[in-house]
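The structure's right below; bear with me while I get my questions together.
Chain naming follows the written order as A, B, C and D, and within any one chain the residues start at number 1.
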Amino acid sequence: MFNTVIEVILGLLLLFLAYKAIDSKELIKSVMYLSAVSMLSVVGFALMQAPDVAVTEAVIGSGMVTALFVFTLLSRKGVKR
Amino acid sequence: MAVLLIAIPLLFAFVSILNKKYAFYLLALVAAFNFVFSFFLEKGMYSIGGFGPFGINLLVDQYALIGLWLLNGLFFLTVMINLKASKKLATVLIVLLAGINGLLLTNDLFNLFVFLEITGISAYLLTTENKKPVSSFNYLVQGTVGSGLYLLGLVILYSMIGTLNMSDVISRIYTIGATPTTLLLPFMLMFIGLGVEAKLLPFNSWVKGVLEKAKPLSGTLVSSVIAGTILLVFGRLLTTVMVISNADMLITIILIATIIAGEVAAFKSTRIREILLFSSIGQAGLVVYLFTHGLLMQGVLLIIANVLSKFVLFTIGASLAEAAGDEVEELRGAFKNNKLLGIGFTVAALSVTGLPLFFGFVVKLNVLLGIFGSYDLITPIIILVVSLIEGVYFIKLLMKLWYGESNVQIKNVLMTVSVLSVAVVLIVLGVYYQPMMDLVAPIKDEMIMIIQGGSF
Amino acid sequence: MIQIASILLVMLGLYGILTNRNIIKIIISLNIFEVGLNLFIVSLAYVEGGIDPILTSHSASSTLSFVDPLPHALVLTAIVIGVGTTALGLAFAKKIYAKYGTYELDEMGVE
Amino acid sequence: MKKFLALLAVIALGVGIIKTLDNNVSFPKYGEAVIESRVSNFYIKKNVTEENSEVLFGGSDYETGSANFVTSIVANYRSFDTLGEVTVLFISAFGVALLLGSKEQKRLELNFKPNFMLQVGSRALFAIIVMVGLYISIHGHLTPGGGFPGGTIIAASVLLLYLSNDKFRTNIRGFRFMQSITGALYVIIGLVGLFVSGFFLENFLGTGIVGNLFSAGIIPIVYIIIGLKVGSDFSIIIDSFLTKEVSK
């Protein structure tokens, strides 16, 4: 019973954050939402008994991908849109 | 031993980044090795890691051998013709070669996804040669979405029938008794996913951006070598795995729309490279149409004719356009002072339109016989109308290119020699087509053996 | 519920790719598409009451009910391929920004 | 407004797919995947040839000695996928360097100055992070994770050095050299398998006792190679992103 409650919350949160990531105006905010989605997906993988995938997604998905996005946005001169 | 066709290029690719200067010689060496080695392959199922049907195996049958000979050869020719361009992108080209051989050989659905990505990424990097980052980015996005949808379809198929090995997918489908309707969703997703790379309608807006201003190296590779590989892979999947029960209505509509849209757009366009890329979209739609209707032999013949003629047309077309601009008006009379290129171009163009005495005629004849055999009447009419349109715009193009004053001069002996040799092949196959028929004949019963027995 | 959420994530990713005109937003939607896809693949492998696919001292025998390890291996590869394409997409984005000074596709004019 | 309609259409398509999957008889519901009917049953039984043999934690000389089934699939049963996978990363790193790199590069002036704490802390943390990365790569066949996360952690330690020091640039030639050597080593191990026993990437070393560090034949070796390769790939990507062309 406890498992399904967590899964429902996780699913809804994932969808809400993904929608915010696609729809927010600021690019930096979008990247933050994306990294939040990645981290929640790590929780999802852990819930589904997939430790290997959780470790890989945590390090690569939320770690490296967010870092690359931030570097691209940092190297942007001029006004922050 | 078939795995050497993939392992050796990967080894050379890893070593080639150590020293940029010698990367090109590694490329030339490995391209020659692959072309020569593919003639010494025996047919059979080569397992990797020794785990039989539960690991990944490479299937070498007549269908794969034809693809290997044709595409390794053309890859070698294309690389040799554009020496300067391929010097800069040597490592990318070696990885592309590994990807192409992987696509042709693999017998495992997920392995096909990995090689699709490898070929895709090296194709995106090749198109950066045209200095158009937005169209390369567009190609990257659509290619990734395409292989993502293919992966989605593949995973749903795995959850239903429990295996990833292509040859025992069918045997498992029958044991589980999965009806075609239950398998429709995964097959549709895989069809649309692969349709992106095969230039079918829903996702082929990247083709115009990539090939419109493509330089000879990346243009020829994308339009003839990679297109041929993807179509051959599509053919193998459509006949052995994705048994779409008599080509569901939606798929037929997509294909007919692709054929018509491609040919009409080619008819209307006035730029030489645009004409070629739209006609290749139309041809791709026709090839996939043949596969979905079970006309395997005709599909392979059309791919061979298509790849050979697109190689000639695009090499000459791209170098002409690079020299004197894209508009056909500016290229008027371009063949005046490079006659040999003109002859090669004319032979390839006439072969595509299907005039007698050329290989294209033999292929068109077979295609029409095949389609009339399955006695539905609408499609042969469409194909006849389409080849009529093709004939008109190619003849119009040839007329302009031959008659008129122009000082365009292209000095590339290697290109002239290879273009003429391919043109001669097209003529010889047109006149004396029996050897090609025997070459293609065993494909049908080998595929049936795979479908029934699953053991090759 | 996670399987339903992952399919909707895949759809949201496709929606983001098709409607956005900003290059970085397109790459972000591509990533959401891939996260949804990976979640869906692993959700196919889940077995009610199954345990992690690792033999340890206390779950020692292979007759226990395990979760299906094959989709996990597929997802491992899919994640790293996703990062590869994202890195390439961002490199294109930087080059486009250097050439046009903007990430908006509409403001780039004809190439 | 148009966007809202597009969103509704997409959600409707998603619900449509979910519905078709639900009432599809051969598609297992969430949580009811039947392992016996799938190929992975043989991977768990670690015996591709005959039917039901039980694998115990301390047992020895099975087909693959790796306790972690996922690692046995990634590095042994389907090792060709991983080779293709490593090529994808290799060509992405090469592509990024091709697109962004140029003759001479210099560090990008980020608009934040690394403060004292970061500089001192990073020197201490660097060694620990590298050790964690190597640990995860080496123990790939026993604990979750493996070559890929291990390699990325090593690259993260390089990233930490980049962030803590404005003028820092790693030795790119060194990483490129490691990248090419580890890649070539992986293919050579495959070729050795081909010559030793006729199958490419065959596990020609003894599989040892399940659960020991030195078990599972070539799997630990392959995973260490992948760890180093992924680490050098990502370091090159990070360097390409954090540098810009020296304006002439």
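Here, a residue touches a chain if its C-beta (ideal position, glycine included) is under 8 Å from a C-beta of that chain, and two chains touch if they have at least 3 such contacts.
Given the structure is predicted, the values throughout are model-derived calculations rather than measurements.
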### Query
So which has more C-beta pairs touching, A-D or A-C?
A-C
### Message
Distance between subunit A and subunit C based on Cα centroids, please, to the nearest Å.
### Response
10
### Task
Find the geometric centre of each of subunit A and subunit D from their Cα atoms only, then give the gap between the two centres in Å, rounded to an integer.
19
#### Entry: Between subunit A and subunit B, centroid-to-centroid distance (C-alpha), Å
38
## Note on the structure
Separation of the C-alpha centres, subunit B versus subunit C, in whole Å, is 28
### Query
Out of subunit C, which residues touch more than one other chain, so two or more?
2, 4, 8, 10, 12, 14-15, 43-46, 52-54, 70, 72, 74, 76-77, 79-81, 83-85, 87-88, 90, 92-95
### Message
Two or more other chains touching the same residue: where does that happen in subunit A?
### Response
51-52, 56, 60, 64, 68, 71-72, 75
### Task
Spell out, as numbers or ranges, the residues of subunit D touching 2 or more other chains.
17, 21, 28, 33, 38-39, 43, 68, 70, 78, 81, 84-85, 88, 91-92, 95, 99, 144, 146, 148, 237, 241
#### Entry: Chain-chain contacts as defined at top
A-C, A-D, B-C, B-D, C-D
#### Entry: Parts of subunit A lying in touch with subunit C, wherever the complex brings them together
4, 7-8, 10-12, 14-15, 18-19, 21-22, 27, 30-31, 34, 37-38, 41, 44-45, 47-53, 56-57, 60-61, 64-65, 68-69, 71-73, 75-76, 78
### Query
Contact residues on subunit C for subunit A in the complex?
1-2, 4-6, 8-9, 12-13, 15-16, 20, 22, 24-25, 27-29, 31-32, 35-36, 38-39, 42-43, 45-46, 50-54, 67, 72, 75-76, 79-80, 82-83, 86-87, 90, 93-94, 97, 101, 103
### Message
Using the touch definition from the top, list the residues of subunit C that touch subunit B in their complex.
### Response
10, 14, 17, 23, 26, 30, 33-34, 37, 40-41, 44, 70-71, 74, 77-78, 81, 84-85, 88-89, 92-93, 95-96, 99, 105, 108, 111
### Summary
subunit A partner, complex, touching residues on subunit D are 68, 70-71, 108, 110-111, 136, 144-146, 148-149, 152-153, 155-156, 159, 234, 237-238, 241-242, 244
### Summary
Touching subunit C in the complex, subunit D uses residues 3, 6-7, 10-11, 13-14, 17-18, 21, 28, 30-33, 35, 38-40, 43-46, 54-58, 67-70, 72-74, 78, 81-82, 84-85, 88-89, 91-93, 95-96, 99-100, 142-144, 146, 148, 210-211, 230, 237, 240-241
